[in-house]
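Here the chain labels run A, B and C in written order, and each chain numbers its own residues starting at 1.
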Amino acid sequence: MIAWAASPFGRIVTRVLLVLACLAFWQFIPVSRAVRFWMSSPSLIAEQFWLWLLDGTLWFHLQASLYVMAQGYVIGSAFGIVFGFLLGHFRRVHRVLTPFLSAVYAVPKIALTPLFIILLGVDNASKIALVGVTVFFLILTATIDGVRDVDHDMVQSFSLMGATRLEIVRKLLIPASLPWIFTGMRIAVRYAFTNTLLAELIASNRGLGFLIEFNSGNFNTTGSYAAIFALVLCSVGLTELLSRGEARIARWRLP
Amino acid sequence: MTPRQTLAWQVALGLLLMALWEALGQLGAVNYVSRPSLVAAKLALWFGGTVYQHLGTTLIELILGMGIGSSLGIVAGLFLGRAPVAAVVLRPLIVALYSVPLVALAPLFIMFLGLGVLPKIVLVGLVTFFLLFFNTFAGAERIDEDQVHALELMGASRGEIFRKVVAPGTAVWIVGGLKIALPYALVATITGELLATRAGLGFLLSQASERFDMAGLYAVLFILMTIGLLLSEASARLETHLLHWRQGHD
Amino acid sequence: MTEKIRLEAVTKLFNTRGTTTVALKPVDLSVRDNEFVALVGPSGCGKSTILNMVAGLMPASGGRVLYDGAPVAGANRRVGYMTQKDTLLPWRSTADNIRLALELKCRRTAKSEADDRVAQMIDLVGLKGFEKHFPAELSGGMRKRAALARTLIYEPETLLMDEPFGALDAQLKLVMLDQLQRLTQDRRMTVLFVTHDLAEAITLADRIVIFSGRPGRIRSIHDIALPRPRDVYKARFDPDFAHLHATLWDEMKDDVIAAGARA
C-alpha cells in the first residue's frame, strides 16, 4: 500500500484523494453557525471566485498588481545593473560605500511605505518605489558579485591584447557577469511579487493585496479565502512561468 | 587603499551626507525630509521613555513568532524529510505552498485575532515556520544515506542515527533558513503592525506618517535599521559558530 | 573451521526506468571464520554488490545470503563496512569520527577508556597531529585511514572492505596493508576485501575469488598458500608471489581489457 502510494501513478491518485478528503472535511464537518461563518466552505468560496472571474473583478485586480510589479521590477533592475557595474568596477568606491549600503539594506523595506506615500502619494508611484527599491538591492548585489568574479587574469590578457577599457567592459565584463545578473533577476521576481502585495495591503484601492485586505477588513471570510485562492493560483503560475523561462535561458547560458 | 584610509573616507562621506541632509532641511524641504538634528532630538526624546513599550511589543512579537515558528518548522521538516513516501506524495503541494508569499495573509489573521500582539505572532510564526520547514526538509532529504548505513551497521538505534547524522547534517540548511527567516520575520512583524495595531514600532511609524511627523518617521526607520543590522549580525555569528567545521584549516 | 558467510545462488537484478540489467549471475561462495577472502575483477562485475548484500543494505534478487547460518535481513550489525567512498561525518573532527562507535548505546564506553582507544587507533593509522582536523581538512589518504580506524575501533568480527586503499600512494598503501594484516590476524577477524589490485590481494588473502565482468559471475577461486605472517614489503619479490601473480593475471586479463574497452 505504501509502496503503491509512492509509485508514479499511485502518488497522483494519493494526492488527488488527499486534497478531495480535505475539501470534503472542510465542506461537510458539522459545526455551529458561528464557526461556519469563520470557516466558510469550499462551495461558497468557489462560487465567489467564479463570480469574480465572470464580472472581471479578478482580472482588474490582477492587472493592477502586475502593472505595479512589472514597473517596479524593470526600474529596480535597470538601476541595479547600472550601479552594480559601476560599483563592481570601481572597487574602492564600493569599499567606502559598503557600510552605507548594508545599513540601508537592513531596513525592512515595507517600513519605507509610509515614507513613499508622503513623498510620492497614494497612487501607483509609491508602490512601484517599494518594489523598485527591493529589486534594486537584489540586482545590485548580484551584479557586483558577477563583475568581481571575472577572472583577473582574463582582464589582464584582454588589456595585453590592446583592448580599451570600454572594450573590456563590452566584451568581457558584461557577458561574464550575465549569469549572475540572471540569477539575481530570477530571485527578484518573487520579491517583487511579495512587495507588490504588501504595498497593496497597506495603502491601495486595487490589486490582489487590496482584494485580500478589503474582504478581511469587512469580515467577509468567504471573500478573503477566495482572494487568497486567487493569490495561490497566481503564485503557482508565476513560479511555473519562471521555471520554464529558466529552462529556456539555461540552454544557451550553459556551455 | 589601506583600511584606515577607507575608514577616513567613510567618516567623511557620512558627515557630508548628514550636512547635505541638514542643509536640505534648512533650505525649506523640512516638511519632506526633516533634518538629522530633529531626528536625533526625536530619538533622544523617545528613548527618554515612550519608545520602550513599542520596542518591547515589536520584539516580543518577533521573538515569540520566530521561536515558535522556527522550532515547529525544523521539527516538521526533519520529520517529513525522513519520510520518503510522504515526501513524494506531498511534494507538489509543498512546492505550491512555497511559491505563495504567506506574509500577504496578514489581513486574515487580523480579521481572526483582532488588533493585539497575537495575530502578529501567528503571522511571524507562520512565515518562519514555512521558511524553516522548506529548508530543513530539503536538508533532511539530502542526508547521505551511506552515512546512515554506516551508523546502522555500527549498531546505532534510530534515535542515535537521528542525533548523530540527521540533525547535524541538516544544520547547514537550518542555518540557511534562519538567515532568510530573520529579516523576513521583521518584515512580517512590521507589516502586521502597519495594518492594524495599538502598539509597536509599526504603530509608531503609521502614527508618525498620519501626523506628517517626518522626524518621527525617520526615527522609527533608524530604529528598524538598527534592529535589522543586529539580526543580520546575529545570524552571521550563529553561522560561524555552528558551521565552523566547514571552514578550511589555516 | 566454521563457516561465517555463505552465498547460495545469489543473483542481483537492477531496474532502471523499465529496463532490467543483470548485475550478478548466480554466485555461490563460502567464507570461513577468520578467513581473508579477496574479491578481484574488473569494475562493474558486482563485487561491491556482494558486500552490500552481506552487510544487509541491499536484498538479493534471488538465492540466499547467510551469516552464521542465518539469512541476512536488514542491516547486519556484526560486520564493519568500509565503503569505497568514506562516510566520515564532516562536522566531526578526526578523533570524534573515530570515537563514534564507542558513543553508541550498544557499546557505550567510559570516556577515559574511549580516549585511550581513540589515541591508540590514531597512532595505528598514523594520524597523530590530525586529531582535531575536520574531514574537509584531510587529504584523501588521511580520510581513508580515519575511516579504517573508525571501523576497526569497535572490533567487528567481520570486515567488509571496498577498495579501501585505492586512493593511497604506493608506500603508504604497503604500511596500511601491513597494519591490516596484523590487526585481522591478532583479532581473528573474517575479511571480505574487494580490490582490483591483484598484488594487494595476493599479499593479504587466504583465498582469491576472480570475477568476470558484466554480468558478474565467479570465474575461478584460488587458494593462496603463502605462509603467514607475510612480509608485505618484500612479498612481491618472492618467486612464489611472482608465479601466482602471473597465473592469476592470465586468468583475468581478458575481462579487464574488455572492461577497459567498454569504459
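By definition in this document, a residue touches a chain if its C-beta (ideal position, glycine included) is under 8 Å from a C-beta of that chain, and two chains touch if they have at least 3 such contacts.
These numbers were taken from a predicted model, which means no experiment stands behind them.
Participant: Which interface, named by its two chains, has the most contact pairs?
Facilitator: Ranked by C-beta contact count, first place goes to A-B.
Participant: Based on CA centres, what chain would you say lies at the far end from chain C?
Facilitator: So the chain farthest away from chain C turns out to be A.
Participant: Centroid of chain B to centroid of chain C, CA atoms only: how many Å?
Facilitator: 49
Participant: Please work out the Cα centroid separation of chain A and chain C, and write it as a whole number of Å.
Facilitator: Whole-Å distance between the two chain centres: 52.
Participant: Where the CA atoms of chain A average out and where those of chain B average out, how many Å apart are those spots?
Facilitator: 18
Participant: For chain B, what residues touch not just one other chain but two or more?
Facilitator: Within chain B, no residue contacts more than one other chain.
Participant: Please output the residues of chain A touching chain B within their complex, sorted ascending.
Facilitator: Touch list, chain A to chain B: 2-3, 5-6, 11, 14-15, 18-19, 38, 92, 95-97, 99-100, 102-115, 117-119, 190, 193-194, 197-198, 201-202, 208-209, 212-213, 215-217, 219, 221, 224, 228, 231-232, 235-236, 238-239.
Participant: In the complex of these two chains, what residues of chain B are touching chain A?
Facilitator: Chain B residues touching chain A: 1, 6, 9-10, 13-14, 17, 32, 84-85, 88-90, 92-93, 95-96, 98-101, 103-108, 110-112, 183, 186-187, 190-191, 194-195, 202, 205-206, 208-209, 212, 214, 217, 220-221, 224-225, 228-229, 231-232.
Participant: So in the complex, which bits of chain B are touching chain C?
Facilitator: Contacts found on chain B: 144, 146-147, 149-157, 160, 164-165, 168-169, 171, 243, 245-246, 248-249.
Participant: Which positions of chain C touch chain B when the two form their complex?
Facilitator: Its residues touching chain B are 55, 57, 75-77, 79-81, 83, 85, 87, 89-93, 100-101, 103-107, 133-134, 136-137, 154.
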